[in-house]
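Going by the order they are written in, the chains are A, B, C, D, E and F; count residues from 1 in each one.
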Amino acid sequence: MISVVGDYMKKAVGMGEIMIQMNPTGKGALKYQTVFERHVAGSEANIIIQMQRLGIQTSFITSVGDDQFGEIISSTLRAEGTNTSGVKVDPDHPTGIYFVQRSYPVPNKTKVFYYRKGSAASFLSSEDINESLFENTDLFLVSGITPALSEKCMNAALKAIEICERKRIKIAFDTNIRVNLLQNAQKALEVLSVFIQKAQILFTGTGDLSFLFGSDFTDNIKSMSKIAKNAELLVIKKGEEGALCLDLSSGKKFEHPSYPVEVIDELGAGDAFDGAFLAGILKGHSIEQNLKYGCAAGAMTVSLKGDIEPLPSWKDLELFIETFETNDEKLLR
Amino acid sequence: MISVVGDYMKKAVGMGEIMIQMNPTGKGALKYQTVFERHVAGSEANIIIQMQRLGIQTSFITSVGDDQFGEIISSTLRAEGTNTSGVKVDPDHPTGIYFVQRSYPVPNKTKVFYYRKGSAASFLSSEDINESLFENTDLFLVSGITPALSEKCMNAALKAIEICERKRIKIAFDTNIRVNLLQNAQKALEVLSVFIQKAQILFTGTGDLSFLFGSDFTDNIKSMSKIAKNAELLVIKKGEEGALCLDLSSGKKFEHPSYPVEVIDELGAGDAFDGAFLAGILKGHSIEQNLKYGCAAGAMTVSLKGDIEPLPSWKDLELFIETFETNDEKLLR
Amino acid sequence: MISVVGDYMKKAVGMGEIMIQMNPTGKGALKYQTVFERHVAGSEANIIIQMQRLGIQTSFITSVGDDQFGEIISSTLRAEGTNTSGVKVDPDHPTGIYFVQRSYPVPNKTKVFYYRKGSAASFLSSEDINESLFENTDLFLVSGITPALSEKCMNAALKAIEICERKRIKIAFDTNIRVNLLQNAQKALEVLSVFIQKAQILFTGTGDLSFLFGSDFTDNIKSMSKIAKNAELLVIKKGEEGALCLDLSSGKKFEHPSYPVEVIDELGAGDAFDGAFLAGILKGHSIEQNLKYGCAAGAMTVSLKGDIEPLPSWKDLELFIETFETNDEKLLR
Amino acid sequence: MISVVGDYMKKAVGMGEIMIQMNPTGKGALKYQTVFERHVAGSEANIIIQMQRLGIQTSFITSVGDDQFGEIISSTLRAEGTNTSGVKVDPDHPTGIYFVQRSYPVPNKTKVFYYRKGSAASFLSSEDINESLFENTDLFLVSGITPALSEKCMNAALKAIEICERKRIKIAFDTNIRVNLLQNAQKALEVLSVFIQKAQILFTGTGDLSFLFGSDFTDNIKSMSKIAKNAELLVIKKGEEGALCLDLSSGKKFEHPSYPVEVIDELGAGDAFDGAFLAGILKGHSIEQNLKYGCAAGAMTVSLKGDIEPLPSWKDLELFIETFETNDEKLLR
Amino acid sequence: MISVVGDYMKKAVGMGEIMIQMNPTGKGALKYQTVFERHVAGSEANIIIQMQRLGIQTSFITSVGDDQFGEIISSTLRAEGTNTSGVKVDPDHPTGIYFVQRSYPVPNKTKVFYYRKGSAASFLSSEDINESLFENTDLFLVSGITPALSEKCMNAALKAIEICERKRIKIAFDTNIRVNLLQNAQKALEVLSVFIQKAQILFTGTGDLSFLFGSDFTDNIKSMSKIAKNAELLVIKKGEEGALCLDLSSGKKFEHPSYPVEVIDELGAGDAFDGAFLAGILKGHSIEQNLKYGCAAGAMTVSLKGDIEPLPSWKDLELFIETFETNDEKLLR
Amino acid sequence: MISVVGDYMKKAVGMGEIMIQMNPTGKGALKYQTVFERHVAGSEANIIIQMQRLGIQTSFITSVGDDQFGEIISSTLRAEGTNTSGVKVDPDHPTGIYFVQRSYPVPNKTKVFYYRKGSAASFLSSEDINESLFENTDLFLVSGITPALSEKCMNAALKAIEICERKRIKIAFDTNIRVNLLQNAQKALEVLSVFIQKAQILFTGTGDLSFLFGSDFTDNIKSMSKIAKNAELLVIKKGEEGALCLDLSSGKKFEHPSYPVEVIDELGAGDAFDGAFLAGILKGHSIEQNLKYGCAAGAMTVSLKGDIEPLPSWKDLELFIETFETNDEKLLR
């Protein structure tokens, strides 16, 4: 059994937009799709739910419409055990939705059609960030999507950061760049630099780094480290090549390869990684272990459809790792 | 066989918004629905498709987004044989969509959640009304929904009316009041009066009449007739009580009872009625016959889910009527 | 418990075409149906399977294609316990199939599209009727569909009748008129008279009687009795009005009302009636009881989709009857 | 808007077994069903969830297996907002499951096949009833199913009652007789009397009364009142005839007719009634109003499949009632 | 953007059988399949629809039954924008259908069961080939399936060829050999030689070549070229090895590799290739480009189920090619 | 065509538990699965059905509950043609069921949740083994699952073995170790040794061998051979490495590689192998051929979901083998 250090229950707060996803049962052009499944998805929420499932006490800050879709989002968080007192119900703006088109025009890649202009979450503002939500909190998590949604959201995120600094709450930030929101490197740096600078734990990926700084990986790490003035850990997700963590205080470098599994749905893998890594941090595990947990949770996530459904508990995470390490299926029986 | 008078192929033009409908496979609060079927729906388009299926050559004027949903709408019209040269593809605004909630909170009634603020169709403007679309046209059809969508749409509809008057094309108008667009009687009369006044064939229903003028049916007909200065026929749909047609030139009154069928889905029945009545008019049938066709098409429509799918051809309309009149199932074998 | 008289296991043989039915999951014009469920259906087979489920040892004579659909038909019979040594596999003709269109153009009525011209069953011939199949048989069952399929089928049925007469096997015949096969009364009588004349137990319905002889019910019974020279029992199914049995030897008349249930799918109800009535006869029950069993099995069948699936065992038939008679749901728990 | 008296948030605790229900997508004998939907169901839990949805703060006491099905049950309660600190996870016994057979052999009636012998909930014992769960509680709810499950469950329920008496928490009890657990009147009275006697609010139904005491309704009420020594309100659910409440302190009698809706799925209607009635009590509404809420919630529940899904919020309950009272669909738009 | 040469809208006419395909939702022996999806398929129609989607104005010549399945075929063509004035509705013969069995007995291969003997299309005759359909036409497309269907079809195809020669319309022919129609090389050459000889653009594949001429690829090309006296281009599809085009006038040879995608459904890939290649020809692109378009359209088609659904527009074809060439997913966002 | 030696129809008897399997339509944690498909599965039954499909006359001995699930199991066997006179219907114990969780927590691996404690089959006892079932039998088949189910089952299996020895019926045994029933090597040997010792044809696999004896393959074979005192053939299934057969009388060794197919569902492949191998033995084919049939049947089984559905007939088995050997798809058309 993965040992858990201490009994104090650690607490984390996350923030971001959660949307209703309409996902066709078939692949190909949406034009020919007539049946859709409704899902719930949001990058920061995925991370927080992964942490909750790994024994962290979590809360989430977002805004949803005063409609059935908003209720679905609140119920989903509650079902997982995440505290929803920070979920605003906005009577004036609807819950955002989007449609997914799979494997067309490019096989195994996904195209997305948004109906989220003016969504409730894009109207989340600094007034909605209630300091009381941050009581006894050990970690705050936000990603680059949130400040990119609207100026209001940017200010809300900045207020949360300001509270965390005052209360000495650890800040985790994932650059999580969405090109349709942040057009180019200059715009992205404008929006994200302040968060990169404030974070103690900074997640990014090889794609984000090259989008921001160019093609040379070593240079990119240097560029990022230069901005990340408060970072203790810089974690770089490298997809099929695994993950890397720089301990910026000690200068040490840790790496873990990815687990070789068939990729069914790549979405949400990075979120699972972040959540498992952060849960490990809060549980007091070593960086080596946390990289392993992150890679395992990511592998489990790419093996299944959906963002939230594949996120493992400790017991299942452990079973995955042991089965891969021992290649012994008897553990499953 | 229903005899068709003359071989000249009559032509009708319609105008209005067509949306993507997301309809859950289950009944009850949307919160618990996870699978949705995609449909296409639009009141005026339903009427026009019913006419097309009954042998009228039709065209439709609308605007859709430059996206997969816009393509679905164009394909649907084309599949039915309706000419789509009047369908604008708007690169800047998306196709409108809405979600349907069935049997909750009121059994067998439907609640609707719209995502159509800023839809492509609400930006349809008078510049999009090309006079050439009206060449050799016998009838123009629009309803009260279109001018209620936006000022631009109002102007577009007025331009179409103006062209019809100039070209002596018959105007058919259905009041088709949507309370969420036209709040109250005063607002509704403000928007609709000009169309009521210009129409030669005017459709309305008992619900619309009481919304506009109050509870007394006889008074309501007088009030309506007073505004409807150019109307030749005033057709009043009375739901389960059938339909009524006043021949305003002769002063004669015609009535037809409804066909007693189980109601599966009430939506679209009025549109089917209008389409079958108008097709009968253009084919040269009598008012009595056209009321019968309208009631039969309406009954067939309430017996099945969907707006477009139940609309009958002449052959099937005739089979429905004869089976009901003779009560002889052998016609089906 | 319904008491069963004696332990000798009675044996019945049936004969007829069994087809693959493609039934859309939705109602309405086939044009709009994209998903179909595959079923197996055949009037005489339904009757035989009802008998098998009520404890009669049954065999069936038919012909199927040497294809997957033929295998489905054989498997279905075998799964029910019916002996399939009389099922011919024809390498030269395919298994017949048909498509069902529900509730269009007439609500709650069914239209059928056949692909059975040249089906294996229509090539069943007198050479395929092996006398050994009739060893130790108590009853033979065929209906008016079989001789109407083709001249070959007519001859095959006649050969079976001839064997039964020789071996003193009781003959049950249901007129079962299909208008698309037997166009009019004259043609129908030409084809069916010989079977009506030979049967000891004769089933017919009010619809068949009026098709053959006209509108007067009393006259019709007389006309039918006149042809039915060997009949001991004349059973007339009257749909919602229940059923009637004339004991032609004693001249007694027995009646039973139908059970008031909601009609979901009227197909197969008459077959269930015949099967339960005949099983009762072979088990040695009284005519009154057998009418009750027939009406109950018919009511259970109209309450569910499918022809074979609703057919009850004795235990379930009894539970249905007792619950209706006592109105006590506790029997179900 | 239904006015809510005071802002103090009332708290209720419920107790009982929650099971996994496997419900076939089709009707008829299970033998022919190949696709099943998984649901969650439990009478007391339904009542508690209805109360939660109507603004009461609720907790639930139960036991589930340490398996995926147990997690589903906990998630379902949490999603609704019900506190789950009283949900025991039992490593030694599985979560109970049952299969549903619909409309066979009796149309529109349900037969149930249980796999719950030795389920986790049947091992719930008095040690699992933690007094701290009853802090600041206004009402405790249990039904006749729980003590009938096992002796352990009986003792657990008695312990809860004892705590409530000590803490002066109001006790609500529904007789909720399951014949397969309580065979006959004598056994039922043996098990239930103590609960009937202790309850301040007592729910029963016409079926339960006649099972316990016989066929005379007036006598039955007298018999029940005689046992119910602490009851302030005796509420009798009469199905299609509505409901009746006797105020035993004042001797006044209140009645409300049922709302006439099509019955789709009768299960859970009584639970919805209880939940809405009790929420009204805790919110300080009059008995007349609470009967109305109960009948409305019951009507909404029979109109839809599922036990939990149809349970309304105040807003939807109000919309249902107003639409029925005014017959005005405009409220829906 | 792929540049399009000139604004004159090119016109193509195709000819062939279109059938209703019943495709089970599951893989394995048909015996175990109970749910089927209805599709529309036909090799020449696929090619024509691909051309239509790439900006060519197309017409199609075929014959369908006067039934719901015939209506589906006409609607499908119309929905795509293809002119259907050449679609005959035959009152005497049904629309052909076939059933597909997937992955049994050979994994990932398809077996087909036809019900098309005597289909409407097999009765298409030279009288149905109306010269007016060929007005202003730039290209005519037919494949080896059509003349192999029946002698009538052969004559109809010959009449079309004769019209094309007279009107100097370019003839494209794909050998498209179906072994169940053309048994052996001798029979195939008997039927196909005249079309191979008349075509200016000739498509074939490595399988067809070896069926006709033997195992040596170089010899096969020579044999084919010898018959193809009028061919300007000989295009050979080589499956995973890409495609080859011989410019017979210049003697030049062009090749393009296939795009490496996972094969989901190999059917229709060759049709997509032909359609994209021919559209490129009519748009005035180079042979190199047209091979690339063909290979890309083929790759997109094997990546998805269905024949028609995966066929790309220019925009999507371009997006596919650029994403593969740049390996940059940002193009998708 | 695979030649069949002699016309005498060989007869085999099998014995074991058959259960109802509830298999979710989606992959991932059961918690998120809401739709399940019902299947029937049982290792020995799979083997027997494979033999039946390959022309052996089979019977099966098992016990099922007196419920709908028991009926499904009997019907399934009968549908395949297997004699069910040895199927006991137990009124006191239910049919066993289990739930399958796919791809979680380990991708492409299956976890199973049983509800079979006290199932009807686990109460099968030696009194249920009727000697008359073994009349004219050529082969008896049982596997290591049966004696591991319960002591009663062990005794029942021993009684069957004893009858076979007396009647000189060949005994085939597959070690088929289930770790959840046989914890460790010592326990497994305790339970299985007597069956290993009695079998003339002994099947095992590399996994079972290492579980029983350790990691050295050559040693394991020796250890096994030492126990298997009556074995004529020792067949070792090696998964992707094919299969091996030792002819213990001659000392000869035969091997066959596996057919390279994509693995969709590994369950049941070993059963298909055994069934095809044994059918080949009874038909009089050589060991080389039988290994080929076994490997082919196994490959066909892993290519499709389900245990019973993929099992081939001789015709389909032959088609699979020839297509792989010739790589010629024309055989499929």
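Throughout what follows, a contact is a pair of C-beta atoms (placed from the backbone, for glycine too) under 8 Å apart; a residue touches a chain by one contact, two chains touch by 3 or more.
Owing to the predicted nature of the structure, the values given are computational and were not obtained by experimental measurement.
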Would you pick out the chains that touch subunit A and also touch subunit F?
-> D, E
Every chain in contact with both subunit B and subunit F is listed here as A, C, D, E
Farthest from subunit D by Cα centre, which chain is it? Let me know.
-> E
Using mean C-alpha positions as chain centres, tell me how far subunit A is from subunit E in Å, no decimals.
-> 47
Which integer distance in Å separates the CA centroid of subunit D from that of subunit E?
-> 63
Let me have the rounded angstrom distance from the C-alpha centre of subunit C over to the C-alpha centre of subunit F, please.
-> 40
Multi-partner residues of subunit C (each touching 2 or more other chains) | 29, 34, 75
Chain pairs satisfying touch are A-B, A-D, A-E, A-F, B-C, B-D, B-E, C-D, C-E, C-F, D-F, E-F
Given the complex, residues on subunit E that touch subunit C span 22, 29-31, 33-38, 67-69, 71-72, 75, 94, 97, 101, 113, 115, 117-118
Considering the complex alone, what residue numbers of subunit F touch subunit A?
-> 26-29, 32, 103-112, 178-180
For subunit F, which residues count as touching subunit E in their complex?
-> 261-262, 264, 299-300, 303-306, 309-310, 312, 316-317, 319-320, 323-324, 329-330, 332-333
Residue numbers on subunit C that touch subunit F, as the complex places them | 75-76, 78-81
